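Structures are listed in the sections that come next.
Look for subunit A in each of the two complexes below; its partner is subunit B in the first and subunit C in the second.
== the complex of A and B ==
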């Protein structure tokens, strides 16, 4: 029972962080119909920003979130202005391969600058601390904080998108760029803004994740794949969809825990021998596959 | 007379010409090139630095004449049977990647024309690199890969100095049985049911998965209940679901085979999840690294690690102390399992070359199969180095042995490792059970 409860809690908490990771991807796609393969690399830069800033300034990594957001915002806009505007003129395939190239570029710059070694946060206010929540559920403080702050950031972006004039202009650009231009909205600015907000939200997610997840220049790919699954499940372009899908994906990563629960409840010998933890990320891709086959527009999708 | 002079001039000219063209082996000392393939970047980079420093120190002791070190190879400069030939190490970085390792081995053999190979730490990389060496007929000596399967392939160009995981794992179970029989220094006989349920988590490449298999076999043989045995990737950035699984197993003995970064992450996660077993044992590698100690600090007190070299060895073996002080001057750290075995690996190469008197592969092969290095030459606490050249473990050193150490805080407040097994050389009382986090 204990393992079941703690797996559910861990899955939901991780899901909340993943929601913020996927948010940027779905905003950029929603506004511009571009799949950003370099999304995970943005996250990686967010992780490095928080890690290095906390080391250089000697503060807790959680205090570096505004800096990470700024770096992400500028990185997003720089990528848009310096690169994406040019490949937008090309065919769809050029855009796909273009962001793939951007991914390789960003990753290799990181390799050059930071080296390939794993780096991790070993000191911080919350590092290595945990809370007992009863029923044998133990939650690491870093994950709890990351989940909570992710939800705050997520809601903030959602409010920005839905309650401000700027957000409405963004949504208008997403729905109908030509119509938006007729209304006097600078879609060019909106596109850049989408990249800025997308970049900032994912670097903030990175700065939260680095508290419990070591960083190296290759860390982005796993998160890119997870974010794709979330966005596909939630529906491309749907912000609330991304949130619920992220919770589902978070729970999917805990399938080994559910398996353990069944194993110890049923006490079946063959179940002990199944190496579930070795395949913990496989289920995410299985889910991706099933969504693509059964419901390609996702649960809440409105773009296709 | 004129003709005679002419002929003399011709002959003299030819002689001079011949002298210029012919190589002069007796005059210039030959350089022996050994390719050393280690993980110098990536998750095991810390181990790579140790391995590199250990091998470099052995090369330095061979190349210089050192009277202060009681080792045959340090007595004179270079390899005596080859006219004082010097050892040159060519380091390559395999990043823990078996495919890259094999490519590097080919480059070393074909481009750098090395006389032999040393490496590679990760058993998975040693496996592919040794296959390349076997294909090209180039001798390879392995100092620190412990997957038992490596010497079960019948290779003719592969020798391994370190004992392998079947021996080490047997040590562990003998230790557990000894614990229940009251043989451990400072611990009264522990009821068997207190330590009967075990669980293991091993990294999923060649080395860890083999350790996992051996643990399963031994648990059955020694009649322990293995409640959970899981495999994980050493590159896993998050091990929380693995740790939850271990916790749910309610095992009182947790066994690990981990490389450096994952060993640190594993112990941190055990701590944050408040998993409270009676015994935590690591199969060397990550659990034996300076980074493990420096990153985790006091949290590791009470953790057991299998090792081949512990600082206490220095007190038993004077020669280990001499080498250790040189190593410490060079790197700032004490010799550890990785550096001591890399040192021993290259030392074995030097003895083999000395005996062969040539770097011709056939001569090296013959010498390696016949070599017998006595224990007093070595920094590691083994009876010596002698390779099996028949039977099912071709090329395995049959005179090695292992230790089990425990992290304990000394009187000076420094975290050190005390020997708890073999029981007769125990250097301190064991801390049992594992303290509260």
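== the complex of A and C ==
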């Protein structure tokens, strides 16, 4: 039971971080109907920013969050101004493959600059500490902090989108670009802003994830796929949907560990050869597929 | 008979195109006899492989307009079927290839039925998801060698083994593949003029109108998806015999799926020659870039950076591909 409880807690915590990862993707999709394959690479740059900044400046990785946000914001705007704006009017396939090209570019620049080896954070206030939450649930401090700060960042972006003038203009652009233009909103600026916010939120997520996940230039694709799944589950363009879907996906990644524990305690020896943990990302895709087929708009989607 | 005649009937193509195509076919026929390096020959085989993948993709993605980014799973099914049957039961290529196609097509029907209820981005990501599910399964399935993959040992057979398609020199593979290539073109030529081909183009232009004309949209898409699968699976089987060592990472990864779609888009999706042009440009470019820059110390990934820039330029500047340029040029000349 304790194992199940701690799997669920771990899943929910990871899910909260994933929510922040997927937030940028869902904003960008909502505003301009484009799917960004390079999303995971933004995350990777966030991870490297936090890692290198903390090493160079000698501060805790958690203090580098503003820097990561700045890097992500600038990177997002640069990508939009330099490339995305040219593929917006093209057919869907060109958009998909174009952002795939962007992904390859960002990934290989990272490979060129940072090298291919795994790097991890080894020092910091939170590293290697853990909390006992009662009922035998032990949570690493890094994950707890990452989850908490993710929720804070998520809520901040949500407030920005819903409570400020700028956010309302952004939402208007998402709902009806032409109408927004008639109202005097510069949709071009709003698109760039969406990329900036999207980039910033995902690099912040990266800077949080690097505390418990080693980084290399290839780390992005997994997170891109997870983010796609979350966004599709929650409904493309839906911010609350992304949050709930991320919790579901977080649970899906952590429950298989519990299942393996069961097979060992119940001595189901025919299951020994195929530990469920080696499938843990597969279940995400299976869940995506099933939900898509049953409810093609996603759980909370408004855009089709 | 009628179908066969249709397959050989290229009369709706401009004469210039046919002359160029004929000259190129002749060039490809004598290419291995020219004094070329082994590397050039291997690149040419890759060109054939990917232009066949591209032709398969072109049926559903080009003529049908459904952006399918999960073709790699069928490469995997074809390759693994051939490899497993050969290694475990010594079943030769010419028997295992149809079995592979059968398996791949059955799988495509199973997932195609729910897949085609989706459209647009949802469809594209769902195809990626199915491909990744299959890849993850193969990576832990011991029967097919899990993540290590399978290896066909050439020592166990006596090359040249025409039945099992085990050869020492690439030139044999070249001609086998060249034959597949010609058959592939003929089939595609028949397909685009078939009832299904016209239905598919109607669906691409406007799905609702197509439905109102009495076309069973869902079924037409599934059938075409199965055809595309067949192409990819046949070449996947060949790939297993040619490469002789297959693993999930290099038969089923997302990169392969994307490369297949890219090939068709670069050449011009929805045209007969598009995927061939695309593969003819992209494959030599990719492999020579890798040869040239990949080995340089301190420049790891430089070849892929250039490759990425090329992809980005194409999708920004010329999303209709090379064939789009040709057609625009022709239209301007006519008017």
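Quick note on the criterion: the second predicted complex is superposed on the first by the 287 of 304 C-alpha atoms of A that agree within 3 Å, B and C clash if a C-alpha of one lies under 4 Å from a C-alpha of the other, contacts with A are read in each partner's own complex, and residues count from 1 in each chain.
Rule of thumb we're sticking to: a residue touches a chain if its C-beta (ideal position, glycine included) is under 8 Å from a C-beta of that chain, and two chains touch if they have at least 3 such contacts.
The structure presented is a predicted model; accordingly, all values stated were derived computationally and were not measured.
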Practice item. Using the superposition on subunit A, decide if subunit B and subunit C clash or fit. Key: fit
Practice item. Report for A:138: first if it touches subunit B alone, second if subunit C alone, otherwise both or neither. Key: first
Check your understanding: Who does A:95 touch here: subunit B (first), subunit C (second), both, or neither?
Key -> second
Review point. Just subunit B (first), just subunit C (second), both, or neither: which does A:59 touch?
Key: neither
**Study point:** Partner chain in contact with A:183 - subunit B first, subunit C second, else both or neither
**Key:** neither
Practice item. See if subunit A has more residues touched by subunit B or by subunit C, and give me that chain. Key: C
Check your understanding: Taking the superposition as given, does A:292 touch the first partner, subunit B, the second, subunit C, both, or neither?
Key -> second
Check your understanding: Which partner does A:155 reach: the first (subunit B), the second (subunit C), both, or neither?
Key -> neither
Review point. Counting only touches as set out at the top, which of subunit B and subunit C does A:221 meet: first, second, both, neither?
Key: second
Exercise for review: Could you tell me the angle at the CA centre of subunit A between the CA centres of subunit B and subunit C, given to the nearest 10 degrees?
Suggested key: 70
Exercise for review: Aligned on chain A, what is the least Cα gap between subunit B and subunit C? Give it in whole Å.
Suggested key: 6
Point to revise | subunit A positions touched by subunit B in one structure and by subunit C in the second | key: 115-116, 278
Review point. In the complex of these two chains, what residues of subunit B are touching subunit A?
Key: 41-43, 45, 95, 204, 227-228, 230-233, 237-238, 240-242, 244-245, 247-249, 261, 264-265, 268, 271-274, 295, 299
Practice item. Enumerate the contact residues on subunit A facing subunit B in the complex. Key: 2-3, 6-7, 10, 115-118, 120, 122, 128-130, 132, 138, 140, 143, 212-214, 219, 222, 253-254, 256-257, 260-261, 264, 272, 275-278, 280
Review point. For subunit A, which residues are in contact with subunit C within the complex?
Key: 29, 33, 35, 83, 86-87, 90-98, 100-105, 107-109, 111-112, 115-116, 217, 221, 225, 228-229, 232, 236, 273-274, 278-279, 281-282, 285-286, 288-289, 292-293, 296
Review point. Can you name the residues of subunit C that touch subunit A in the complex?
Key: 61, 67, 69, 114, 117-118, 120-122, 124-126, 128-130, 132-133, 136-137, 139-140, 142, 254, 258, 261-262, 265, 269, 299-302, 304-305, 307-312, 314-317, 319-320
